[in-house]
Amino acid sequence: MISFTCDYSEGAHPLILKRLQETNLQQEPGYGDDRFTRSATAKIREATGCPKAGVMLLCGGTQTNATVIDALLPHYGAVIAAQTGHIAVHESGAIEFSGHKVVTLPSHRGKMAPEELKAYLEKFYAAPSWPHMALPRMVYISFPTEYGTLYAGEELKALKSICERYGMPLFIDGARLGYGLASPAADVTLPELARLCDVFYIGGTKVGALCGEAVVFPRGNAPEHFFTIVKQHGALMAKGRLTGIQFDTLFTGDLYMEISRHAIEMALRLKKAFADKGYPFYTDSPTNQQFPILTETQMKALEGKVLFEVWESLPDGRAVTRFATSWATTPEQIRELESLL
Amino acid sequence: MISFTCDYSEGAHPLILKRLQETNLQQEPGYGDDRFTRSATAKIREATGCPKAGVMLLCGGTQTNATVIDALLPHYGAVIAAQTGHIAVHESGAIEFSGHKVVTLPSHRGKMAPEELKAYLEKFYAAPSWPHMALPRMVYISFPTEYGTLYAGEELKALKSICERYGMPLFIDGARLGYGLASPAADVTLPELARLCDVFYIGGTKVGALCGEAVVFPRGNAPEHFFTIVKQHGALMAKGRLTGIQFDTLFTGDLYMEISRHAIEMALRLKKAFADKGYPFYTDSPTNQQFPILTETQMKALEGKVLFEVWESLPDGRAVTRFATSWATTPEQIRELESLL
Amino acid sequence: MISFTCDYSEGAHPLILKRLQETNLQQEPGYGDDRFTRSATAKIREATGCPKAGVMLLCGGTQTNATVIDALLPHYGAVIAAQTGHIAVHESGAIEFSGHKVVTLPSHRGKMAPEELKAYLEKFYAAPSWPHMALPRMVYISFPTEYGTLYAGEELKALKSICERYGMPLFIDGARLGYGLASPAADVTLPELARLCDVFYIGGTKVGALCGEAVVFPRGNAPEHFFTIVKQHGALMAKGRLTGIQFDTLFTGDLYMEISRHAIEMALRLKKAFADKGYPFYTDSPTNQQFPILTETQMKALEGKVLFEVWESLPDGRAVTRFATSWATTPEQIRELESLL
Amino acid sequence: MISFTCDYSEGAHPLILKRLQETNLQQEPGYGDDRFTRSATAKIREATGCPKAGVMLLCGGTQTNATVIDALLPHYGAVIAAQTGHIAVHESGAIEFSGHKVVTLPSHRGKMAPEELKAYLEKFYAAPSWPHMALPRMVYISFPTEYGTLYAGEELKALKSICERYGMPLFIDGARLGYGLASPAADVTLPELARLCDVFYIGGTKVGALCGEAVVFPRGNAPEHFFTIVKQHGALMAKGRLTGIQFDTLFTGDLYMEISRHAIEMALRLKKAFADKGYPFYTDSPTNQQFPILTETQMKALEGKVLFEVWESLPDGRAVTRFATSWATTPEQIRELESLL
């Protein structure tokens, strides 16, 4: 049985395992002071075109979101997200757990509309009672979004400019960053994206690593004592080498983008397979998550042969499903799916 | 240069890397629902003699302490620890960050004295103003302690019985559990220790794994919705297979205790090496951390050849140092140290 | 100039000031152990028909909401409120500040619809990913609502029965409780309301007191150590006599309901004055808050003569306004307003 | 029976009640925007010699401590207090509840020694592991202390200068400020004290008010959005007039210091009464709290006639007791006590 359930079904890219093996008995200091983390940092600075970037390697997505948001928000600050944003839905209230309200705006296939953000802020500060409310002090978006869609460069610019006007950092959740940047639909590069936000992270867990997310403060603008904040959030790894080696490998010789492009190639073939058979889609996703709409009969037909996720049940009995590809998806898996449709 | 700085200087036990390799492309569900985690759980239940144990694999020590303590404490509850307890000193206020006071009792070479715990609680509830104070609702100890010492079975029994009288769970931080149980000075086995507390964890990061701590609720007594609590703390791994494979390997064929015994053997040789040369010790540690006291000249002599940690500077210019062995320490490293002393 | 801005524009009911005066030099213990608080507790138990009720006098509304919600929610728990609920909008993120997510349902003129609550919960637990979300563990409603509307007894019963099915306490914010119960539109009495929820509070600040809200756990079901939780939230008054005397006075000889009825009488006259002149209303409120819709010209005409609140600007330039009466509103004030319209 | 149990046994100074009466039906805006609060602010600015001071009136002591400390500390910050500091002992973990560790230094009859603070900080930052610890970012002292003692101006200067070196605000808990400043032993005035710290509060609850503490940021240095922070902590009063009127009255014509001097006069007579009879004291307190040591027989003799607090039981069966005077203590009460001794 093949699984398109998610993009974290397999282990790690073979080169990562190889490197773990080669360096295994090398003695290194803990807590991110090892040579691999230093090397990974240097390579990420180069790849992002941000020579002064603050880089910190954390372990997982929810942890990274909670830590970054709490680190950047003042006590009274709320973070604004699209209604479908990961932090607003699937993180067990981790943001609220550290004391912060998540304010939601309408989601347009996963995206926040700059003009709606602007309107929200104008209305917020027009209300005389605004000091009685949690103050919006940060904007959170994901690239690609939870629905596989991408912000255009112009949209990012618009969001950034609103954020600047209101003194709010713009935070990009890049849990699947590679799969966004590698899409033919992307009109920003990694260095461009880095310039268009105040902090973002480069997802490892879903893009070839066993675990790990690289937080980047593009202009060296990490908050003071970020190391201690990370520790306080339980997010500091004793064996920093584990994330160090992984990101060092992923950022050696374009590997990160290479495997991301492969995943997108697989995704577009998968998409075509569904489209060719006349399946409608919930969103027109150009990234590694595809959302075909299946009837009950169609789902039954795949049972026991292909695993995928049911995203949402529609009133007419059909379901929005999610098929995800990754760095590990093989042409054979796609072919098998094609033959089953 | 050889390093005795800590017990997390190397990667993972070779069998773990081998197993990661072998299973790498096997597709598995995320969040701990993979077959490796299930297998590890079964093996840990057997090794602890707790067939109904709740087992949850987390990533690191501070994270595990913060999550377990917050999960078990009510809003108004404080946790009692020895003054040298890891949660009281080196975790950046992670316990307070989730809202709980850490109350400290005197440390006797890292240990809490049962009679002092009893006296503290009696005095606490004798004060008419106790409802104005954070209520002690949990006891935290480490085995072995931060000073390498071990609680005897009788001491654990005494602590547990006090805890029961006051309705408090007893939590054992086992970040170095193997190195405690494998010591010739230990008079409790893993199943005995499991019976003598309400929750503990089996340290992986310091005992052969790349990362990972296995939380055990011996009598299936995990708090309701512990999974969601773990997620809320940012402590849930997407690729649960990573910790699953590691603990599955460590608990196959006694590997965990085997490599722990090796570390202790190395530690006792290292201890003897210092003792033979007349070095005094700060504590008489029977586990993998040794605390010889060195003069400045002696420290200088090792400079550039051996790495170790300076634990505390003494008024007379000497320093308490820490030399840690681990599963990865080799007889050659010990010999080299011997020849240098 | 007269003000209908809010229901906390004046000091306290004269009988309260009189009683403060009479008892001023009487020495009493602090922290709610005074004889006035004990007497108030007894009277509230009688008025609510709950002889075993746990009663606790706090100082203000946001404080009471934050304390009660935090006291009843587990770490992973969220509270459900209507989108217009006070805790969701105007409390500066105080609920999130203590770690809890506020989940919002559509607001029907301030009210939550039982069938929408039911549908939400069914959908929530139908999603396989629910353990990755903050779990709904409490329902918050206000009586009357922020829009002056009232829940019918049948609606409360329906909400309570859903809450019971899901093991969630139902919490009624009664900041304006008297103004709800005294309305001719109310079809529940105080004892009935007490039976239909798990915890509620009797608003003092807006109903004749200088400050103070009386939290009632109708069946003696206060959480363990609630006193300590209140203290931890900074909500415990040293001079408990201040709230004790106030509630003791308000619950002597039906004063609380008497002054509430007066406010409602004034409100209905005010409502009639607007209606008679053909002003439309945003909601058909039967309580002390009235929401007439005014044109710019109409608002200008009142400028400098009458104070009121602009609740919401409408796209056509008109505004939803709020006129609030209280125990202190005089017939003269209403007459003056009438003559101005 | 007369009570010396505490300094909050009675209601409020008669002039406060009179003023509440006179202004009762005057309509005023809520949340501190009333004319009384504005007037109180102006008078406090004058009395403290700080024309630009930020002044905020809160309700009670624990609330004020928790709000101010949380407002000034970054996420990773700890507050340093003497071991007997109110925040470290009797506030139910309210500081930890908002996420911050309280680090304690030895208490010298309630006081922190500047040289010990200095030594602590030097040792802290000398430890290479300091980024793994909660960072000390604020110093909390009380004036007078929980043991009735006072810091000399020189001591305050020394503490302030250490705080400045380490970039930490110095916070003075003035719950009993008047009783400190009015003592003949005080060598600082209110304006001097204001200059020697970064934030302090003027206690009302214990010095003539029904409730209320006036937080003062002497140089207009309140943190941004302090109003919203106060609201978030549930510490914002709807009827700000209540605290406004009280502080306006207390700071009209030197009333605050006048009634404080009276309390001190009473305290010194009480002290003399004990001393004349040969009773030893636990501390030589020059303020309104006196700590005579009584034998069991002596305590028995007062039973049923005089109320006081048992502070601490001594090993020899005697007890440290606390007798507190206040603005409301009468010469007759002191005479009665004298005759009983």
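So that you can tell them apart, the chains are marked A, B, C and D in the order they are listed, and the count of residues begins at 1 in each.
Just so it is clear, a residue touches a chain if its C-beta (ideal position, glycine included) is under 8 Å from a C-beta of that chain, and two chains touch if they have at least 3 such contacts.
Quantities reported herein were computed from a predicted structural model and do not represent experimental measurements.
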| item | value |
| --- | --- |
| Comparison of C-D and B-D by number of C-beta pairs in contact, larger one | C-D |
| Chain whose Cα centroid lies at the greatest distance from that of subunit D | A |
| Centre-of-Cα separation between subunit C and subunit B, whole angstrom | 50 |
| Averaged-CA centre spacing for the pair subunit D and subunit C, given as whole angstrom | 33 |
| Where subunit B and subunit D are represented by their mean Cα positions, the distance between them in whole Å | 42 |
| Residues within subunit C bordering two or more other chains | 75-76, 91-93, 97-99, 131-134, 228-229, 231-232 |
| Partner subunit C, residues of subunit A touching it in the complex | 75-76, 78, 89-93, 96-102, 126, 128-129, 131-134, 310 |
| Interfacial residue positions of subunit B with respect to subunit A in the complex | 2-3, 5-6, 8-12, 14, 17, 20-21, 23-30, 59-64, 66-67, 91-94, 97-98, 205-206, 210-211, 228-229, 231-239, 241-242, 307, 328 |
| For the subunit A and subunit D complex, residues of the former touching the latter | 31, 70-71, 74-76, 99, 131-135, 224-225, 227-229, 231-232 |
